[in-house]
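What follows is a set of structures to go through.
Two complexes follow with chain A in common, the first pairing it with chain B and the second with chain C.
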Partner chain A sequence: MSSWLDYTINGLIVGNVYALVAVGLALIFGVSRLINFAQGSIYLVGAYIGWVAVVQLHTPLPLTIIVVAVAAAIVGLIIERFGLRPLQNSVRIAPLLATIGISFVLDQLVMLTFSPNPRALPSQLPDVRFQVGGGTIGPLDLLIAGVGLTSALLLFVFLRYSKLGWAVRAASQDRDAAMQMGVDVNRVNQAVFGIAAALGGVSGMLVGMYYNQIDTAMSLQATLKGVVAEVVGGAGNVPGAVIGSLLLGLVESYGVAVFGTSYRNLFAFLLLVVVLVLRPNGLFASARQAPPEPLTGTFIAPSRPVRIPRWALAVAAAGFAVLPLFPVSFYVLQTLINAWLLGMLALSLTLVAGTIGQVSLGHAALLAIGAYTSALLSLTFNVPVGLAIIGGGLMCAALGTLLISPSFRLRGHYVSIATLAIGEIVSLVILNWESVTRGPIGISGIPPLSLFGTDLISPTSIYWFSFAVMVVLALLQGRLLTSHLGRSFRAIRDDDVAARAYGLSLNRYKSLAFIFGGFAAGISGGIAAHLYSYINHETFNTQQSILALTVVILGGLGNVVGAILGAVALVGLPEVFRIAAEYRILIYGIVLLLLVRFRPQGLLGTM
Partner chain B sequence: MSNIDRRTLVKGSLAAMMAGAAFSRAASAQTSEPILLGVSGPLTGPNAQYGTQWKQGFDLALDEIMAAGGINGRKLAYQFEDSQSDPRQSVAIAQKFVSDPRIVMELGDFSSPASMAASPIYQRGGLVQFGFTNSHPDFTKGGDFMWSTSVSQADEQPLLAAYAVKRLGLKKLAVLHLNTDWGRTSRDYFVKAAKEYGAEIAVTEGYIAEERDFRSTLVRVRDANPDGLILISYYSDGALIARQARQVGLKQVMCAASSVYSPKFIELGGEAVEDVHLGTRYFPQDPRPEVKKFIDGFKAKYGGQEPDAFNAYSYDAMNMAAAVVKIGGTDRRAIRDAFAKVKDVSSVIFGQATFDVESRRVKGAMNAELVVRKGQFALWDGKPT
Partner chain C sequence: MAEQLNSMLSLRGLTRRFGGLTAVNAIDLDLAKGELVSIIGPNGAGKTTLFNLVTGLDRPDAGTVHFEGQDITGLSPERLAAEGIARTFQLGRVFGNLSVMDNVLIGAHTRLRAVKPAVPVIGPLLELGLALLRPASVKAEEERLREEVKIILARFGERLLPRIDQPAYSLSYANRRRVEIARALALKPRLLLLDEPTAGMNPTETAEMQALVAELKAEGLTILLIEHKLEMVMRLSDRVIVMDEGKKIAEGSGEQVRSDPKVIEAYLGHGLSGSSEQESAA
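Now for the complex of A and B:
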């Protein structure tokens, strides 16, 4: 029985750590309705500034905290002024993409400055331990709890009783109305970003001290857990974020207690999905509260798509089709094969995210389902590879739609968060369901691509195969978009209330979109499995999902040609920047930011 | 990248792109050009630290090789392509290396998904893929162009089990392992060996690489009531587990796999890693001349920094590559055949490395039983902790 006390305490301790990130995220979401994916990067920057202060400058703790808070706040202000403010009148999704780009840039800058080696960040507090239950807690645990609770409380008071706080809340409820009443919305945003960044920086430093370890990979994990905690508590709700974090910590701890360590994150993400489905506004939203997302589809603003004449597309397709006949290196062909595979994934995502408005952040899971199905069909049941890939596509269409169906009742950002969680769940199930997926060992010896009994092993034949499959999928999708079905999809995206009033069944149409999209993604995953010959649970990871979304936004949401163009660009750019060695991801991030800044509707515009 | 100037590299990459499918397999005959090895590994992304460590080991080995006159008078150099340990990028890099006639063999990648996805391309392209950290049991099954000096876990884990069970006398073990292909394979070999030596496995817990909080896992461990903890971890997670184990009040003996062998383990773990036992392939006061040369050279080159396990792997790998190229010349097939011919290459990890032609791996890693004493790795003196 005493173990349960220990599990509870441990859950609260780690929840405490999550709370520090979640509060900053909640604050920013509360005002700008933006999930700030750069919050984890500010946390990272704070940790390294803390390291410089403690290890190089030997500052005492109170001074360290002030230095880190001020420096992180400055970073936050710079992000707000130059990264986000120029985007405030553009599509709602542009700032989201911008924060992803900013986090690339910040993470890379830290990595280049400090090297990716982990560093020790010694705690400056006396090393006394208090016995609680079977374990001990130290002064740092109390300090983290103190900072988390105090900041949540201060923010609560600030938002409720101060004039600037009122302005913040007014701006979050109705930006235009607030501006009409003379609220300087930019100043409000600045204040919020400054505070959130200061908090993020200090939390990175404290967590670094807590584990005596900081490294450049800590940023994405911090963001993921922070987002989960924040949404569980109710996006934009500061005290809710703290309680959500503690709850998340407890669920993880009890999950470990009952099922074992490897199931830990599974429970975190299941909690998120359950909360989203049952209480989409979070556990602590009052029933009367206006839904935090707008009722109609302003998330994806319409824009005029660039019309590319048919003959130009035909010429381009023919050009790519005959490319291998010219003396191009296999390296170029392989890079384009990657682009075609990513293009299929992007077709899938641009349909569900762009055309019907369900912005998915878990699309890599569909690749994984397709890949594992195809690999296992061909290895275990000796199904010919061509059929196995189609099997992967079908399985992905069915299973993917089924898994995502709970999120059909959600809107806007919440769909993204739910799909992010579903993606993580799929990856963790693959890791743990060893009897089928062979767990972490992965599946090796997957037979190469083959068609009608002929192995496709030369890069040229794989190139033609993947290009042909992608073109067929693209043509089908183009046909779909011009049909009655495509118009219904767009109607649901643009105004789901009106669409429902008109008699469209939302769930049925969303399912249809996911079935078609799931098929394309599953095919892509299936081909990849046979191309790589080895896959495991890490082959299709969260970064792939984020990359796919970037492709889709870059190309123009819902835009079939745009998805393919985006895939070629985002596979090609990092390869072109190879010459820059370690700097290439930094350059890639900057290019991404510039694209979002000057072409937020995507290269070819929303369709 | 540091061994050839950037302009040659730029020209080379452009040439490789333009060269087209009609390339010649024969390497360039001009002796002034360096013999070029391709390296595919992470320089950015979540595994970037390991790529950086590889470079340190490579550069040190190359300095020594050059000082000894190079490869029959020619310079040896490498071209490091960043894969982020991502299979999509490692396959593109594989095509790039295969179609670049200057590359005579390839080293890497780091993770199994990235390495093994590229294997079919290297195999079909007839370029050796020399994976020196690839412990996945199926890696060398990719074909006769896949060779590895990674210590087979089938070799290493029984040594660790013997240390824990026979020498330290632990009878009831809790095994914490990274839930990756490496950690999982290692765990299975460890558990098998430990049971053979008569120990009982109380509990095994797999954790994902990004995990930082182990307190609840350690409560499970405590409730299983073991007399020893086995860490199949890398140094950063190993240090975290050790710290948190002491915080939750576990006082059992801890015994770790050689992958924690790094000065960072002590830096990150602090007092909590005091008395942690670990089996390693070499140790600082090792009297073997190759180890002394490696450690002294490393400290001299990198401002007194202590080398760690990954530095040693890459240092050994570059020396092995040089030995192979000395025999095989610059023909890719001759290089593959040379792997079967090299004998007793001086190695930090193996002492003398010779490939087992059947498995295309090296057997018989050295073994040293260390313990952390007063913040230093020291040879275990047989005294209980």
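Now for the complex of A and C:
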């Protein structure tokens, strides 16, 4: 029984840490209806500032906490001022994308400054454990609990008794009314971002001390956990976020107790999906709300797509088709093969994110499903590679759609959270389902691409194969967009309430979009598996999902030609300029930020 | 129950609460086939919420909705659209990035047959396949609907036809309302709910819209109309219903309602509402 008490204490302590992140998210959501995907990056920054303070400057603990809180708050203020304030009057999707871009940039900056290797973050506290009932508790546990309670108390006093706190509460109840009553919304945003960042930074430092280890992978996990806790408690609900965090900590801790540590995150994300499906407004939401306001023309930037004449497209396609006949280097072909694979993924994402408006952040999971299916079909069942890839596409269309279907009833930013979580779940299932996926070892010795019994080994043949498959998928998608389904998808994206009032079933059409898009992504993943010959649960990660999203925004949401152009540009330009690999992700993040700010409709425009 | 059989639409005790506020409070209403009934009332009286309850965008806390004798309470909006109920929205919810043609074609979505075979389970997959392959029957259906859209747009004179390929976001406010009505007509509705069709329109445009609604009524369409412009209400309506704070406070001919002291008090007590203000959904 004593261990159960330990797990409970551990769950509450971890929950306390999540609460520091989640409360910040809830404050920001309350005021600006924005899910701040950069919150985990601030947490990461806080952890590394804590490391600098403790290990290099040897600051005492109280001073370390203050340094981290102040420095993180400054980062938060900078994000608010330069990342988000310029987007205040822009489309609703813009700030969400901006926080994703900011998160990428911050994570990469930390990684480039401190290297991706984990570091130890000593807690500066004596290593003793006190007996409490049947369990034990250490000074660090008490510190975390203390910081949590103190922050909650300070926040309560601030929101309840200070004038700025009143303004924050007023703005979160009714932003427009607060503005009309003279509340300076910019100051409210500053306050909220500053507080959220200070809490997030301190939280990152405490977690680093708790596990005596920090690394750059902490960021995404923290964002996800914070978002889970916040959504479980009800988005924008500050006390709800605290309770959601404690609940999440306990669920994880008990889950680990029963099933083992590799299941920790699986429980968190399953909890999120269950809550989103059953109680999308959180566990403590009051009765049913009024029907949602229209998002018409506000979620996605209206624009006139650039029409490229068919003959020009045909000439371009022919040019790329005959390219290998000329003396081009292996390196150029290899780069373009990567572009065609990314292009297929972007075609898929531009359909679901652009055409029907489900901004998926877990699209790499579809690649993984296609890749694993195709690899296992060809390895275990000796299915010819060409058929195995098609099998991967079909499996991805079916399974991917089924997995993502819980998100169909969600709107706007919630879709992104849900798909992100579903993507993580897929990766965790691959990691844990060893009998099928071979778990962390991954699958090696995947047979090379082949067609009708002939192996495609030469770069030229691989180039032609991948290019041909991408062109076929693009032509099919173009045809789909000119059918009644094209206009139905776009109608659902522009205004799902009006679309339903005219008989369009959201489940039906979102399923069809994901079936079609899932097929393309699955094919891309399948081809990739046979090219790489080795895959594991980390081959297809969130970075690829975000890269695909950047490609889609660059090309223009829903724009088929734009998706391919974006893929060629984002894969090709870093090669042309010989940019070192570690800077590329940073550049993708910056490209995303610049696009959102200066050309939200992308190069070729939203379709 | 006899009166319910004769009526097209019949509401009994329809109620919707938002927290402490009862937005729609025990509303009874009957609408006979071919009748035009107007609902008027100050902003926030619950008119739009009532529309949402009838069209399935919101579910009532109590009460029933019958359409042609069938209980349709709480059915989904997509089901109700298929039953022949079409509506326009108060704030003008056109599909901004779709062309005028595509907006109105969406209105005809429930009438697609060739491309949407009524096959259970694999129906959606067949729809995807047919959309990609486009056999002659699908092409013919699409062509027929496009011609029909042009005929509907011609009802608005030269307002929409020259802009048929322009995206809806580029249209004027009044033209967006016209697109909404064209979209509703493309559904071939048996019941049409119009939520302030003339909001934001100048007198000429209002007169045009009034003539159009009169035409639709003359063609036998059953219409439920929310409107603030009382002159238009008086001219068009067979009956007028006045709502205030969620309740029906008066019902009758335009003249009866106009002289009802409760109505006058409701309007004066809340401050007479203008013609184009927005009303919160609650």
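The working rule: the second predicted complex is superposed on the first by the 519 of 607 C-alpha atoms of A that agree within 3 Å, B and C clash if a C-alpha of one lies under 4 Å from a C-alpha of the other, contacts with A are read in each partner's own complex, and residues count from 1 in each chain.
Keep this in mind: a residue touches a chain if its C-beta (ideal position, glycine included) is under 8 Å from a C-beta of that chain, and two chains touch if they have at least 3 such contacts.
Because the structure is a prediction, the values reported are computed rather than measured.
Three-chain overlay on chain A, with chain B and chain C fitting side by side and no clash. Once the two complexes are laid over each other on the shared chain, residue contacts for A:Glu538 go to chain B alone; chain C is not touched. In the superposed model, A:Ile457 makes contact with chain B only, not with chain C. Once the two complexes are overlaid on the shared chain, A:Leu349 sits clear of chain B and of chain C alike. Once chain A of one complex is fitted onto chain A of the other, the partner contacts of A:Ala217 are limited to chain B, with no touch recorded for chain C. In the superposed pair of complexes, A:Val168 makes contact with neither chain B nor chain C. Once the two structures are overlaid, the count of chain A residues touched is higher for B than for its counterpart among chain B and chain C. Using the contact criterion defined above for the overlaid structures, shared-chain residue A:Leu476 touches chain C, although it does not reach chain B.
Once chain A of one complex is fitted onto chain A of the other, the partner contacts of A:Ala520 are absent, as it touches neither chain B nor chain C. After overlaying the two complexes on the shared chain, residue contacts for A:Ala191 are found with neither chain B nor chain C. Between chain B and chain C the least C-alpha distance in the superposed model amounts to 32 Å.
The residues of chain B lying in touch with chain A in their complex are 1, 6, 9-10, 13, 16-23, 43-46, 48-49, 51-53, 80-82, 84, 86-89, 91-92, 94-96, 98-100, 111-113, 116-117, 119-121, 124-125, 136, 138, 141-142, 176, 179-181, 183-185, 205-208, 210-217, 219-220, 222-223, 236, 239-240, 243, 247-249, 264, 267-270. The touching residues of chain A, counted against chain C in their complex, run 286-291, 293-294, 296-297, 300, 302-304, 476, 479-480, 483-485, 487-488, 490-491, 493-495, 497-505, 508, 511-512, 515-516, 606-607. Interface of chain A with chain B (complex): residues 3, 6-7, 10-11, 13-14, 17, 108, 111, 115-120, 122, 129, 131, 134-136, 138, 211-213, 215-218, 220-221, 252-253, 256-257, 260-262, 264-265, 326-335, 338, 341-342, 431, 439-442, 444-445, 448, 457-460, 528, 531-536, 538-539, 543, 571, 574-575, 578-579, 581-582, 584-585.
On chain C, the positions that touch chain A within their shared complex are 17-19, 49, 52, 55-59, 76-78, 81-82, 86-87, 89, 91, 93-98, 102-103, 105-107, 109-110, 112, 115, 124-125, 127-128, 131-132, 134, 142, 167, 169, 183, 187, 281-282.
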